[in-house]
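Shared between the two complexes below is subunit A, which has subunit B as its partner in the first and subunit C in the second.
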Partner chain A sequence: MSSNDLKLKAHLLRRAGFGASPKELDQVADKSYEDIVEDLLHPDKAEEINMDYIKRYNPELRYPDTHPLHAGFWIWRMINTKKPLEEKIALFWHHVFATAWYKGEHTPSQIEQIETFRKNGLSNIKQILNDLAKDPAMNYWLDNCENHSDQPNENWGRELLELFSMGVGNYSEEDIKQASRAFTGWTFEQPLPLYPYGNYETKFVFDKSDHDFGEKTFLGRTGDFNGEDIIDIICEERATALFICRHLYNFFVEDEPQIPAWNIEPPRNPEAIDQMIDVLMSNDGEMLPLLRFMFNSEFFKDSMYKKVKNPCELIAGTLKLTGTYGIMPKQGEEVGKLYGIGSVMGQALMNPPTVEGWHTGHEWIDGGTLNERVNFAVNQFNDLSVPGLSDIISRLGDHVKSSELLDKCLEIIGPFELGKQAYDALNEYAEAVGDLDLTNDASIELNNEYIARMVQLILSTREYQFA
Partner chain B sequence: MTTVTKKDPVFVVVQLSGGNDFMNTLVPYSNKRYYDNRKFLNIAPEDVLPLDNTLGWHPEMAPFKELYDRGMVAVVQGIGYPDSNRSHFRGMDIMHTCTPNEISTVGWLGSVLEQLDPGKENPLTGVNFGVGLPRAMSKAGVPVTSVSNLDEYGLMSGLAAEDQRDKALKIFKDMYAQAIGSGPVMDYLSRTGSDVISGADLIKVAPEKYESTVEYGDSQIAKSLRDVARVHTADLGTRVFYTQQGGYDTHANQLPSQPGLFRDLSRAVNDFFADLEEHDADDNVVMLIFSEFGRRIADNGSGTDHGSGGGAYLVGKPVVGGLYSEYPSLEPDKWAKGEDLEHTIDFRGIYGTVLEQWMGLEASPVVYGNFEQIHPFKNS
Partner chain C sequence: MTTTSIPYDLLRSGFPYYMTLGQRRVTTAPVDIGFGKENIYILTKGGLGTQIRVLNWEDENLGVRGGTDLFQWPAGLLVDDEENLYVSDEAKDCLVIMNKDGEHIETWGESGSDEGQLNRPSSLAFDLEGNIFISDTMNHRIQKFTRDGKFLQSIGEHGTGDGQFDMPWGISVDQLGNLYVADWRNDRVQKFDQEGNFILSLGSSGSEKGQFKRPTAVTVDNHGDIYVSDAENDRVQLFNKDLKYIQSFHGNATLSPSGQQYILANAVTLRLRSMADFEKTQRLNAPMMVKVDDEFRLFILDYGNHRIQIYKKDAVELSKEQIAPEMRNPILFTT
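What follows is the complex of A and B.
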């Protein structure tokens, strides 16, 4: 198998998942690229994650409370899942349907929302929007519980159109009002009180007595529409397909301008977006054919280094490489910490800044977050006993010439390419290190340090900041 | 600028994150309405540290009261804005961007830093202490240094051996060097990486130079303010410092946790100014202490819910101490939303006061408008 082929598979696994450890890459080495795509698209066929140990180690995880703990647990799942696209698509919808813990401070419904994205994230746009409209966390976040037949609240109706489906400029203020009326009475069951035992789960209820059954005119259609009817109409619109495809492209393929600019800035690759829209619309909003098309497309294969890693990708990808935070947690690997690490890099999971979600691309990076990103990755290899380092060393063979050290390391941990500056600077380091004899027990510690440092430096590059 | 200082004016912001309960900070202890509404969560008249015969400090704020008694604290009573937002994030966001009616990513101090250092010559013009850069300090294209631990600040700080760290940093610099044709995002990464390195290079002299007889407490806010003092006294050209004390979203834990927070805060602020005085570096420093909102007037039987109408404090030698603006009315017909303290001065007017009367900058492009100011500075 050519190195180019492996590079492409690693690219696919970084984008459709959270990267692959060298061992995980071994497992797909004999599969065709197209077959790997199919595996990713069918998480139901993959093995369930073993959560026995993590729950024993973090007994609080048995209760759906404490938001940082569960947000960190999600990152642990990103690292350990055998269904990478299931977690990745959940993260995608979380980016688009940004719902934050800070308003309701109700962790069970936040957890449930992400679980819904796992279950329905690869299904159908209509299904996904309907589930979203009935999601208690979203319902409270955008005040639909305050949307009454005699006194409509337009918050949900507006964002459904503006941020979750069609994008600004494709509907009128009147359409927002009419859509909001259709969602009156869509609320949730009041959960049991918080005290003294903590938060309880809740579920969607349709309160008939609070629903406006009158006639509505929405996007030129007239009828006694309910929320489902509004979503049906939304899903017929090309604007919705465009909006969803642009989001997918921005998340999986290449950084687009920030969402508020979308009605003035055209897509980076209009042809790709048009093709994606056609696939989505000709398959009645089904996600699988669209994702299959996207991952197999030339524009996807050509998109290396066109997307800055979001903090989850950086954290989970790096920890896959070190082999820490695994199925069997080690001392000090509390999952709640992972939430804090993401937060200081600007991605407080399940707690995005606003309903607009996170600003992505190069906006992930400022002086503070670059410092955090680089130091985080470097510090993971300060401990020479991490399993990932031994694995890298064993793959280097017995003797490594100084002229091969960088190329070999890049091949093992990427495989990926560096620009000329980084490549030259790291080769200079390799030259200073000299040829390594890894069979010599007397220099084992020093050799390990040299190799760990090389890995640390590779993880500090600008190139590593890209997914 | 009319204020006479030895050096350029320096501004230190301390954010009390979580929404501090103003009514239990500066207690209206002679007001029956206070005790009517705070049946559970009140400070008894005999426990307050009286400021005058109507208001008294929380009993844990003695070191802060001492600064007040020395005439160094201007209390801004009733700071807020119309239709206060009770969400922490949004509330804080509004205080950080000065845009209550729209979402903005332009921090007000980001705009200030841009005015102070338009050529981006000193990456230490603005320094934040804490994890994560607050939105107040961020503006696209404006470099800010954000330090979580001054003694270990900088890239590769996790590498224990200094010679190893230096070598790694040299390689980092080479790897992040600008190159023609590498694309705008790679260029942006190069610039940001270089700013972080030069900021860290400059700031590392601060801990080396610093000596003091002041012994700070071991709270996080004490550590942060000590870091501010170390960088300020090192004379590195920093004009805006930012730091925060978390934990004010006390809800049902207000009774046990607020005293500890006040104890840490008031001691840290007092120590900070003592430290500056010892270094003869207090003539040009003004501190603003604020929170994103106050708490509800009535307690809920166990704590207080998110409300509005809080208090802020301007502290420093250049300040004329005393009470400014008005304490929000406790009369029910004056309450905001029927349950909150109604603000009596807009926070943008207080920012404007600092910008125009202290920093010598024009306020309206930063706070988007002209708001009523107070006059809390000597010689202004």
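What follows is the complex of A and C.
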């Protein structure tokens, strides 16, 4: 197998998952690219994570009162899952259907929404939108619980069309009003209050007595529509397929203009988007054929390093490399900390800034967040005892010439490519270090420091910020 | 109802719910409980308080003892006759001892897997002489020490066979000095005699009666009844001294006095509670620890609901002469 093959597989695992540790790459080295895609698309066939230890030493996960803990736990799942696309697609839908904890401060419904994305994220657009419309966290976030038959609230109806399916310019103000009428009475069971015994779950309720059963005209169709009928109609529209495919392309393939510009800026690769739309529509909104097409396409394979990593990708990918935050939590590895790390990089999971979600691509980067991103990655290798460093050192062999050190490290960490400027600068460091004899016990500590420093230099490059 | 020797049998009248203590931000995430002459000591762990909370029987908050300056991942609590407080720390592999006012007396224990060393020590229990059993969880054994930390005995090793453990957690000693261990990852309870010899095993993996899903604690009352915190099944199971399944506790909580006081002072909370499904508020969520006292009160640490649910056994002790001999088979003629 050529190094290019492995680079492509690593690329796939960065995009469809959260990267791969050297050991995880070993496990797929002999599989074909297409077989890896199929494995990713069928998480039901993969092994479940052993959660005994994480729950044993983070027992607070048993009660849903503290959203940073559960959001951090999600990042822990991204690091440790054997079903990376299941977590990645959940993150994708969380980006698209952005729902924030800060309005309701009701952690159980936030957890449940993400769990729904895990379960249905690879299913069918119609199913996904229907589940979303019945999701209590979304219902409260966009005020549909206040959408009464005699006093409609159009917030959910508007965002369903504008931000969750068709996009601006593809419907009228009247369509919003009619759609909203169809969702009257879609509400949720009142959960018990937080005090005195903590948060309790809730669930969707259809209040028939509060539903507007009158005739509605929506996108040119007329009938006694309910919410499910509205979603059926939305899913027949090419605009919906375009909207979903642009989101998928932006999230999985290549950074695109951000959503507010979509009605004025065309896709960067209109041909790819057109192909994706055709696959989605010809398969009645099924996600698997579309994702299979996308991951196997040439435009996906050609998109290496054309995306800025989102903070979750950066954090989970780096921690896979260090081997920390694993199945057995160590002292100091409280999962809630992971939420804080993402937050300072601009991605507070379960707490997106607005209903529009996070702006991605280069908008992840500013003076503050870049510092956080680089420092985070580099600092993970300050501790020379992290298991990932031992693994890297063991893979370097007994003797490493200074002229080989950088290439070998890049091969183990990625396989990973640097631009010429960074490559030359890091090679200067390798030359200064000189040849390394890793069999010499007397210099083991110093050698470990040299190698850790080289890894830190690689992780501090501009290139490492890209997926 | 008190007893000094195990009765032949019991007429079980019932095991009614008695009361609830604590609430969120007072007893947040309770992991263990101990009793003083008047005070109740509740060990809590987590972001809203890693400490020992002190309550009285009126559910009044009497303050805290200890905290993160003394222990990081507290797991087990013991209270001796002088109301000194012993707390195991899974992060620092040690035992912290305080007096009842929370003044630090001593910390002992060191990390490792050799005899007398600890790896994530969790539950604690006194033996009949006042020595301390420690559930040495990640060394997959139970060790016994004097109160000042001198190693005395080690029981068990890693495995699934009789007398072996996979991450043992809750432990308890009965009035005859037998040791009971919640063998957490093996989904069973094991019993050992005073010398540490294996006697029996109770339970298997599952959710049926007599099965466990990650049992976290076990305790035995003076009738020989065995109570097991079947945490992932959100229940506590009761077995008699002959290991026969008797009943399960799923939770019957009412408002604790402090909880009631809080709600009555908050009009919105009052309204929301009246709109909600009341059923849910009674049930157990991850009962982490179970203990009984000499008055046959059963204390279930309802971890996920930040409270302690208490039940009180109602039973009549029977002599052998009062009850018909054991039957080999069931009969339908029951009048």
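The rule is short, and it goes like this: the second predicted complex is superposed on the first by the 467 of 467 C-alpha atoms of A that agree within 3 Å, B and C clash if a C-alpha of one lies under 4 Å from a C-alpha of the other, contacts with A are read in each partner's own complex, and residues count from 1 in each chain.
Here is the rule we use: a contact is a pair of C-beta atoms (placed from the backbone, for glycine too) under 8 Å apart; a residue touches a chain by one contact, two chains touch by 3 or more.
Fair warning: this is a prediction, and the values are worked out from it, not measured in the lab.
Colleague: Tell me which partner touches more residues of subunit A in the superposed arrangement, subunit B or subunit C.
Modeller: The larger set of subunit A residues in touch belongs to B.
Colleague: According to the stated criteria, A:192 is in contact with first (subunit B), second (subunit C), both, or neither; which is it?
Modeller: So A:192 only meets subunit C here.
Colleague: Where does A:369 make contact in the superposed view: on subunit B (first), on subunit C (second), on both, or on neither?
Modeller: So A:369 only meets subunit B here.
Colleague: Please indicate which partner A:429 is in contact with in the superposed arrangement: first for subunit B, second for subunit C, both, or neither.
Modeller: Only subunit B is touched by A:429; subunit C is not.
Colleague: Determine, under the contact definition given at the top, whether A:402 touches first (subunit B), second (subunit C), both, or neither.
Modeller: Neither: A:402 stays clear of subunit B and subunit C.
Colleague: Both subunit B and subunit C touch subunit A; at which residues?
Modeller: Common to the two interfaces on subunit A: residues 195.
Colleague: Report the residues of subunit A in contact with subunit C in the complex, numbered from low to high.
Modeller: Listed in rising order, the residues of subunit A that touch subunit C are 52, 56-57, 59-60, 62-63, 65-66, 69, 189-198, 200-201, 331, 336.
Colleague: Enumerate the contact residues on subunit A facing subunit B in the complex.
Modeller: Interface residues on the subunit A side: 100, 102-103, 195, 255, 308, 340, 343-344, 346, 353-354, 356, 359, 361-362, 365-372, 374-375, 378-379, 382, 419-422, 424-426, 428-429, 453, 456-457, 460-462, 465.
Colleague: Show which residues of subunit B lie in contact with subunit A when the two form their complex.
Modeller: 87-90, 93, 103, 105, 123, 128, 131-133, 138, 143-146, 148, 154-160, 164, 168, 171-172, 174-177, 179, 182, 184-186, 188-190, 192-193, 195-196, 199, 252
Colleague: Going by the contact rule at the top, pick out the subunit C residues touching subunit A in the complex.
Modeller: Contact set of subunit C toward subunit A: 23-25, 29, 31, 45-48, 72-73, 90-91, 167, 184-185, 214, 231, 253, 255-256, 258-259, 262-263, 266, 268-269, 272-273, 275-277, 280-281, 285-286, 288, 303-307.
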